[in-house]
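I've put the structures underneath this note.
Below are two complexes that have subunit A in common, paired first with subunit B and then with subunit C.
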Partner chain A sequence: MAPALANFARVIRAPLAAILLTLALGFLLVASITDEPVRAYRDLLLANFDSLSNFALFLNRATPLTLIALGVVFSFRAGIFNVGGEGQLYAGAVTATVVAIAGASLPAFVLMPLAILAGLLAGAVVGWIPGVLKVRLAVDEVVTTLMLNIIILLITSWLANQVIRDTTAYGAVSWMVPSSIWLPPLPFVPRATSGFLVAVVLAIVSWLVLFRTQWGAEVRAAGTNLRFAEATGVPAARRVISAMVIAGGLAGLAGALYVLGVGHRFEQNFSPSYGLVGLTCALLARVHPIGSLATALFYAMMLNGAAYMQISTDVPRSLVNLLTGLLVLLMTARLRRAAQAT
Partner chain B sequence: MNLTSLLAAVLEQSTPILLAALAAMITLRANILNVAVEGMMLAAAFAAIAVGNWSGSAWPAFLSALVVAVVLSQLLALLTLRFFADFIVAGLGINLLAAGGTLFILERHYNSPGGLRPIAFPDIWHVPAGSLSWLPLLGPAFEGQSIIVLIALVAVPLTYVFLYKTPLGASLRAAGEDEHAARSAGIRIAAMKALSLAMSGLLAGLAGAQLAMDKLHFFLPDMTSGRGFIGLAATLFGGGQPWMTAAASFLFGFFGALGDRLQVFAIPSQFVLMLPYLAAIIGLTFARWRILVRNRPARIQDNFQ
Partner chain C sequence: MSVPDIILSLAAIAKSFGDKAALSHVDLDVRRGEVHVICGENGAGKSTLMNILAGIHQPNAGSIVLNGKTVTIADPIAASRLGIGMVHQHFTLVPSMTVAENLFLGRQPRRLGIFSDRRQMVERARELIARYNFHLDPEAPVRTLSVGQRQRVEILKALAFDADLLILDEPTAVLTPPEVDELIGVVDGLRARGRTILFITHKLREVKAVSDRVTVIRHGRSISTRNTADVTEADIARDMVGREVFLVGRKGNAQRSFGAPVLTLDSVSMTNHSGRRLLDRVSLEVRAGEVLGIAGVDGNGQTELAEAIAGLMPVQAGKVRFGDRDLTEATLSERQQAGLGFVPEDRLDRGLSVTMSVAENVAATNYGRAGLLSGGLINRHKLDSFAGEKIKEFDVRGARPSTQAGWLSGGNMQKLVIARELERDPSLLLICQPTRGLDIGASEFVHARILQAADRGRAVLLISSELSEIFALSDRIGVMYSGRMMRVLDRAEADEETVGYLMNGGSKEAA
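Moving on to the complex of A and B:
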């Protein structure tokens, strides 16, 4: 038991330190602009637990972040610098919506899995493209994932404005998906999506797959040194591609679950750059699945808490955007040149 | 469609893209994929409007845009070169910091999260109307363009001369191509990379100033709308060469100008806007594929099929 506990402490130590540093920096900033920094910080961190409905919103926020962060974990463990979470998320969300609207006449027990699967597959395809280009042609994956993000956001903007646009609503939003396929709420927490359970289960499954299976070991070997892994008989290229497919699939699933569980329709601006924040969560957690769940929960707390803080004090909610920028900027900085953290 | 007005629109649309592309190119030659151009542009645009609003004259606004972008570039240089932060992560951090920081100041100081619209804003120097009428076709297209458009056009040969005809440019390229070889030749790698980032900041600052100061005279939180990334795409499509990068920028600017006018053909504007990014992916893929085919030994080719 003791070694397991020590191992756990080792896993959470680094993300904890980064989070505490950010919070300290943020506190200095808040203290310089408001008379009640303690009140502002209490709301930023704890207002999420003031009521059951606040808590539900917190879980809803944590769900896509966790899933995207898990996707980032798979791709980074395979040595792919995947910054395409946003595009994969949008591909999943819009595809699930299109399937749900087009198949509205199908019975719910067919349509619901169909819509979720479609979203997952759409994300997976978007992850597959940079994976294949990287492994087969050595095309830089940062470029392809960045460019794909914008391409997919333009496609969804076209779909949301011209094809599945709810003409009675304001802004670029789609028609509602049939209410028969909405995800049921979490037991005991009304208005919280049961997608959160999926995210928690997948975090544990991801850890098992990456660290307790032959396949996971091969993915990590390919990520550490592709050519060495190939030379020792690991089908490294294929492992890298499938890790990218899983990464895209997880982000796509995040989009599909958001549509069926929270939004109930596709909105062009539903994501406050979940893709980048998910990447931040994963990197903060030193690309560890369980750690990513913890950092995603922390970030969901901050994102929602900022709104409560803005209501009760005069600190603008964009404080969190500013803190995120600082955190991402400082996140990978080291005092001494070190080997790759992964 | 009037040819002169199309030319003028292409020039106007291409200028921020061209400057962003040159900003990304100069770091690419030092082996840095600069994803922070977008954030530097945004911060520069904000600085231009804020300082112009405060001081009421154009030159302080213009200079502060350049200074802010260069300072951000040196912050990135400090974190990546001195504290060994990852270039991509820290670059994305610069973008988030620029977006979050400008929004924070808008909400906190100006109390208007939607943007900053000064009632009166000083004009930067524009080519006077009628001054170039002796030049057929091109002359009228240049009339009314800001001085930054002219600077951008001059910047293309300047970067070419700097990179290929000066010892400093050669050192910069050497640092980008082979760090170990360059270091043993006595080149200071970190200084070269910091220099390329500073030049990149200067160019990105020009791009941000053009966006804010040319015609609009206001700042919006999403004002750059991906132009930094289009510039990155143009650089990659142009293979990091000044002339090809400029050509790609004008091509993308042309598509942008055309995008507004293509409604006639019932093509959704999103598909036109997508072209630069598609071109970058396809261009890179094609370039890698050609290298792969060229380097493949002829005799063992069959084993790979």
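Moving on to the complex of A and C:
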């Protein structure tokens, strides 16, 4: 066990150092704009743990980030630069909502899995499209996933405004989904979604699948050198497509779990660019599933903490954008050396 | 005979990068007007030594005496001012420019000091080409030239600086056999004009063909300097490797008997997207226990032949049979199951994933067979011990199971690929360019493995553009030209002349 522990320490040393350095530089910045830098920093980092409800909001924020980041891990490991997390998330959320509203008469034990599955499948389809285009026609996946984001956001906007709109509410939001299929809260944390548990379990499963199965080894072979994978008898094109289907499915699942666990309806603006932030989480974690869980938690803490900080001091919450930018910079600066060490 | 005129003398040159010594002690005397070969295995320090002479690196110790004066070569410009011209292994030409433009790049003749004088430039290029008898068109764009012609442009470029001492760094690495012969002719011509040439190579055949004297470098030390006429290839090989080298070969072995055909190609044709014939009705047969060597100048269909047999590219006509089974339409993994072992020609392209670990690379085709899975998951412990065994068995140096494959040297990467493919004890071993870029020690090892497979009754199809390799290992030799199998010769009737003749499409002129 000791070597495994040492190995773990070696892997997290670089990101940890980058995070600490970012926080230290950020502190200098905060000190220059406010009289209460310590207070501001305390709120940024620790207000998430002040109360059970703050903690619940923190977990609710981390859940979609983790799932999207896991999806990104699958696609990147297969060599696909998938920036379509946002579209896949929205497709999952809106599909789950439509199914839940349309099937309101079904018993909950049927409807709940049905809605979740529908969201997952919708995301998977959105992931499948750029995968197939890439493999069969060599269409650049950055272009297709980005464009699909826009297409899907517009479709969901139309659905939310025209089809499933809650006419009694303000803004582009759908009718509530039946309360019988709301996800139960986490034990001991009343307002936190149990979707977080799903995210944690899937992080571990993803790691097992990618690094401890032959299928995962084949996906990574295809992702690192497609022609090598072919020459060892791997159906490389199929592996790449299935990795993209899983990527989309995970993001779609994030959308479905958000609707059933947190929002209880589809809101057109429910995502503060979860897709992009999830991508950043995955990259900061060096495209590692377990690492992605950690970076997603960190990002959730920063995003929520910035709001508390803005309320209690005069430091604007956009500080967090600056800090994350700095973190990305420091991480990538270290990446080259670290990449050689792994 | 008078005291030889020494143009260049190196004494106790040492150079280290960080704490790694590339050169520890090199002495070298080069006589004016001779062709002097520097010979050594990959990593022996040949290139470092040449880069010191070219002014790219500075030595940590030792002295350089040029034309009787001690000199420091601060940078490449200083080197050319001192009359040292370097032709690098990788060409430094601009493909879109003409031969003349490349020759005078950065020093075009000018009119009024501003406008480049094209006519004068072409004229001077023409003179230069004529003086050395190089047969080049000064106004042809470099991208239209063959590799051999490009190399001559490089040599001219060095000579245009009035280099007395010309350094050729592994000049034959990129050339086809007929081009090598032409280069040797060019070098002879330069010597006749009084130029001194330092020729770097690790190919023994060339040492004998081209040089007056040969200096062997091993592990950063100069081992010996001798007259080429007084030594044999085996002597040089021994100095390079530091021990007796067993140059393996099948020649001279007793009459062999072969088993049933393992692989049969029946009039296989392949066409690319634009309709060009890549393979034209190729038929061949490899029997159990036999090594069939396929010779040919690169790019005459050997790559496509391998891909057709491996099932990586579809064939439009003909049959590929393994034993009695028709596998023309089968996937690579089905062919593996039928007994194919495939070592691709380029280990970086198809052979390995350089960012994955040694263990994962060597296990890639063997997870099920080598029992590395338990309960659907990869057993990490078994994977590591499996990789450890292969590393040991194939003497993959500098590798642990968790090492990234990209960190290994070319020879060790190649051993990894071969270890992976031989693990299944394939009934047909398809092995392409097995020793490209490998040094003597590693080549010797790979060759022994190939012959071992044949001796165990496996069929081996060896595709190589290295003629000496084909001759050393094959029981029969097929020659490809322009997508066609010109002929398949028995080893006894195959001599270099016949094979070379067929490699050029059956015409006498060099390609």
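Here is the rule we go by: the second predicted complex is superposed on the first by the 321 of 342 C-alpha atoms of A that agree within 3 Å, B and C clash if a C-alpha of one lies under 4 Å from a C-alpha of the other, contacts with A are read in each partner's own complex, and residues count from 1 in each chain.
In this text, a residue touches a chain if its C-beta (ideal position, glycine included) is under 8 Å from a C-beta of that chain, and two chains touch if they have at least 3 such contacts.
In this text, all values refer to a predicted model and were calculated from it rather than measured experimentally.
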Which superposed partner A:G325 touches (first subunit B, second subunit C, both, neither): first
Which of subunit B and subunit C A:L283 touches, first, second, both or neither: first
Greater residue coverage of subunit A in the superposed arrangement, subunit B or subunit C: B
First (subunit B), second (subunit C), both or neither touched by A:T224: second
Subunit B versus subunit C as contact partner of A:L146, first or second or both or neither: first
Touching partner for A:S51 - first (subunit B), second (subunit C), both, neither: neither
First (subunit B), second (subunit C), both or neither touched by A:Q162: first
Which of subunit B and subunit C A:T232 touches, first, second, both or neither: second
Which superposed partner A:N269 touches (first subunit B, second subunit C, both, neither): neither
Partner chain in contact with A:L208 - subunit B first, subunit C second, else both or neither: second
Of all residues in subunit B, those that touch subunit A in their complex: 33, 35, 75, 79, 83-86, 88-90, 92-101, 103-104, 106-108, 113, 226, 229, 232-233, 236, 268, 270-271, 273-274, 277-278, 280-281, 284-285, 288-289, 292
Of all residues in subunit A, those that touch subunit B in their complex: 33, 81, 83, 133, 137-140, 142-144, 146-148, 150-151, 154-155, 157-158, 162, 276, 279, 283, 316-338
Subunit A contact footprint on subunit C (complex, rising order): 310, 312, 331-333, 335-336, 342, 344, 349-356, 360, 363-365, 367-368, 373, 376-378, 380, 404, 420
Residues on subunit A engaged by subunit C in the complex (per definition of touch): 208, 211-214, 217, 220-221, 224-225, 227-235, 340, 342
